[in-house]
Structures are given as C-alpha cells and as structure tokens.
Amino acid sequence: MTMIHARLAELGLTLPQAAAPVASYVPVVVAGDLAYVSGQLPFIGGQLVTGRLGEGPTLDRGIEAAHACGLMILAQLEAAVGLDRVARIVKLGAFVCSAPDFTDQPKVANGASDLMFSVFGDAGRHARSAVGVPTLPLGALVEVDAIVALSPG
Amino acid sequence: MTMIHARLAELGLTLPQAAAPVASYVPVVVAGDLAYVSGQLPFIGGQLVTGRLGEGPTLDRGIEAAHACGLMILAQLEAAVGLDRVARIVKLGAFVCSAPDFTDQPKVANGASDLMFSVFGDAGRHARSAVGVPTLPLGALVEVDAIVALSPG
Amino acid sequence: MTMIHARLAELGLTLPQAAAPVASYVPVVVAGDLAYVSGQLPFIGGQLVTGRLGEGPTLDRGIEAAHACGLMILAQLEAAVGLDRVARIVKLGAFVCSAPDFTDQPKVANGASDLMFSVFGDAGRHARSAVGVPTLPLGALVEVDAIVALSPG
C-alpha cells in the first residue's frame, strides 16, 4: 500500500468508481507534467447529489457534495495516472448551483479544498475559483474541475 | 494541403474568419507548448447565435452553436499558430446560457467536443467542464474556451 | 524601484494589501513557469464591491470592480513571487454577477484587461473568458482569476 492510499485509509475515505467518460471527452488529459481533470459531479452512494443551494439543500449538503466531487477527482487521477504521481494540486474550479441570493460558494467549495489538504498536506494547497451558477449538468449541486502537477511516471 | 486541412475538407467544414481581437485581450496566447484560446462565441453565417437554452432555442440549436464555437477555436488556432501544430486538444471550457431548469449542458457541449474528435481523432479527446450560466456576452447562446498542446513550431 | 513598480507609480496605481488566504486554498500556486492566481474579489478602499450588473450598479461601477480584481491579482503576484518575474499575463477568467438581460460582460472585464495592458504593455495582452453568473462569493460584483507566465526567479 502506497503512502497516499495509506493516508486515504487513515482518513476513512474510499474512492468511488471512476465515472465513465461521456461522448468525445475524457476524464483526464496529461499535458507535460500537468493533469487536467474534467469537471466532476457529486456522487454519494452512487447517487448524484442534485438541487440548488439556497432553495432547499443545506450548506452542509453543499459541502458534502463538493467533497464528493473532490473524491471523484481523486478517483479519476487514480485511474488515469495513479495517485502516487500527484506532486501538487495546482488549481480547483468550483461551480456551485446557487439561488441568486446564495453567496457562500467559498464554504461549499471548502468541501473539496479541505479534502485535498487532508490527503496531500501542503501538496494539496491549491489556487481556486468558486462561483455561483444557475444550473449544472443533470441538475448537479456542485461541479469541480482540477489542474494537478505530476511527478515523473 | 496539409493533413488537417484535408481532414476539414473531407468533413465538409470551412473555417470562419477568425473574429477580431477586442480591447486588451487577444484570441490566443502561447505559453510554453500550450496555446490558451479565449472564450469564443458562436457565429453561423456571420451571425451570432443568441438566446437561452430552455427558453426557445432547441437542444439541436445549442449543439450547432457549440459546434460553431469549436470552429472558431480552430480558426483562431489556424490564424495564430497554424492548425498543423495542434498536438492535443487538452481542455475545453463550455459555458451554456441556460434557463434554471435546463440541465443538458453536456449534450450541448458535445457540439464542440465531437468536432474536435472528428478533426483530430485521438488527439482531439480532451478534458472538459460544462456549466450553465444565466447570460453571456452579447446574448450568445454558448461560449467555449480551450487549452491546446502544440508541437514545436 | 524596479521597472514595474515605477510603471505602477507612473499610472498612479497603489497595490492593495494582498487578501489573506481562506481555508485550504492559497492565493497563488506556481507550477513550472506558470503562476495560477485564485479568483480575486473587488475591494475598493478596503470595501468589497457587491451587487449585480443590470440591477443597480452601473457599467462604470462594473469596470471599476474588474479593475480592482486586477489590482488584487497584481498584489497577490507581488506577495507570492514579485511582480518583476511576470513574463506574460496568459489568461484571465472573468465572472461577472449579472442580471439575466445584462450582456456587457466584455466591457466589464476590460477593467481588468486594460489594467494588465497598461502595466505590462504587450506582455499584458492575454487570452480571456468572460461570462455572466447569477451570484458570487460574499455578493461580489466581479471575480477574476489568472494564469501568468513567470521568468526564472
């Protein structure tokens, strides 16, 4: 068991099945030493988390959803290159399905950000953008994409 | 005629005139071996495709618009570096002008994604984010930006 | 005083205090020779500029806000790596809090784009995406993130 897998076990985290590619895009593209991870949706127990913050789902639900997006990013990286090649989480882009008066996108996005810090320590400290959007694919509550620096394979 | 131009001809595709730069930004910036393409709007027959998915324009219209954004990305790459230098379409970012209950952003974005796969084959298979937004520049129906890996010039 | 600081002084620009990191993300991550700057919010005189374009704030207020986001990007770069290492502003991503019928996101985003051109000249000419969003963190009027190429340190 590698260091990162031991750390996931220690945190009680289990990676989900990496969601299958859809159409003509793929979950991860490696260019140079950066991996670009497609926007990931939040699955908990195999079910997509849907809704809109500020119209029912609680802040905690939003944080859970962002955490689930983060876990799926890890699952995609594991499937594509192996998590042990992650040298740095460089950037997360968080899109939070939000009612017009919901402005706690940063707290929601922390669900993914805190996960990266928990798993990778300082290598998990990333740049981030978090914005509100009115609607996401399939009615998802949150979508998060990532840019990740890799160590040589 | 180069391989990519032959492929475009075979597909019956004609690149539009590359849209002129606006203000202090430019259509393409090359950094290292990556080209960053600015968000492109959908022009068909020289006319901007406007509207909001879920409020009139059909899904097929959205797909057409995303395809047009993709063609404009190709036109900008052709003008800036030449399409034959495209080594890999790395990432597309698709912003789909959407009514709050429209959740088929992935199908719309396939209009651009499928184009890249048609033109470049495996080198056109990219990472992607697709999200809904309430409004886009000039009322555009879709906006797509891109990160593209280049071979040495 | 370095060249860029002289240029800022000449333009009458003062960098704000770099906003403190929040949670498990950081303002700037350097990967290879690129700096990824987190989405920055508009502070003028230490106050966050809030609201929604098309529902009160004027276009000029939006442009001012985008300019303030740009200044904060510069402040973050200064704090993280020093502005003299900026080789090229590669890409700006502008998210403009917009009412559904507001479509002047490009004019708003020019507040940040024109700043980059003023400060860095041709090295400030960047790729850009500008989109409307219904709501932003803390009610901000605009959020802008950046990718910046650095010269060796």
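Residue numbering begins at 1 within each chain, and the chains themselves are lettered A, B and C in the order written.
The rule is short, and it goes like this: a contact is a pair of C-beta atoms (placed from the backbone, for glycine too) under 8 Å apart; a residue touches a chain by one contact, two chains touch by 3 or more.
Please read all numbers here as calculations on a predicted model, not as lab measurements.
K.L.:
Between 0 and 180 degrees, and as a multiple of 5, what angle does the rotation take that fits subunit B onto subunit C by Cα atoms?
P.N.:
120
K.L.:
Same residues or different residues: which describes how subunit A and subunit B meet, taking over half shared numbers as same?
P.N.:
different
K.L.:
So how far apart, in whole Å, are subunit A and subunit B when each is placed at the average of its C-alpha atoms?
P.N.:
25
K.L.:
For subunit B, jot down the residues that touch at least 2 other chains.
P.N.:
32, 133-134
K.L.:
Can you list the subunit B residues touching subunit A in their complex?
P.N.:
These residues of subunit B touch subunit A: 32-34, 88, 90-92, 98-106, 109-110, 113-114, 116-117, 124-134, 147, 149.
K.L.:
Looking at the complex, which residues from subunit B come into contact with subunit C?
P.N.:
22-29, 31-32, 36-39, 52, 93, 95, 133-139, 143, 145
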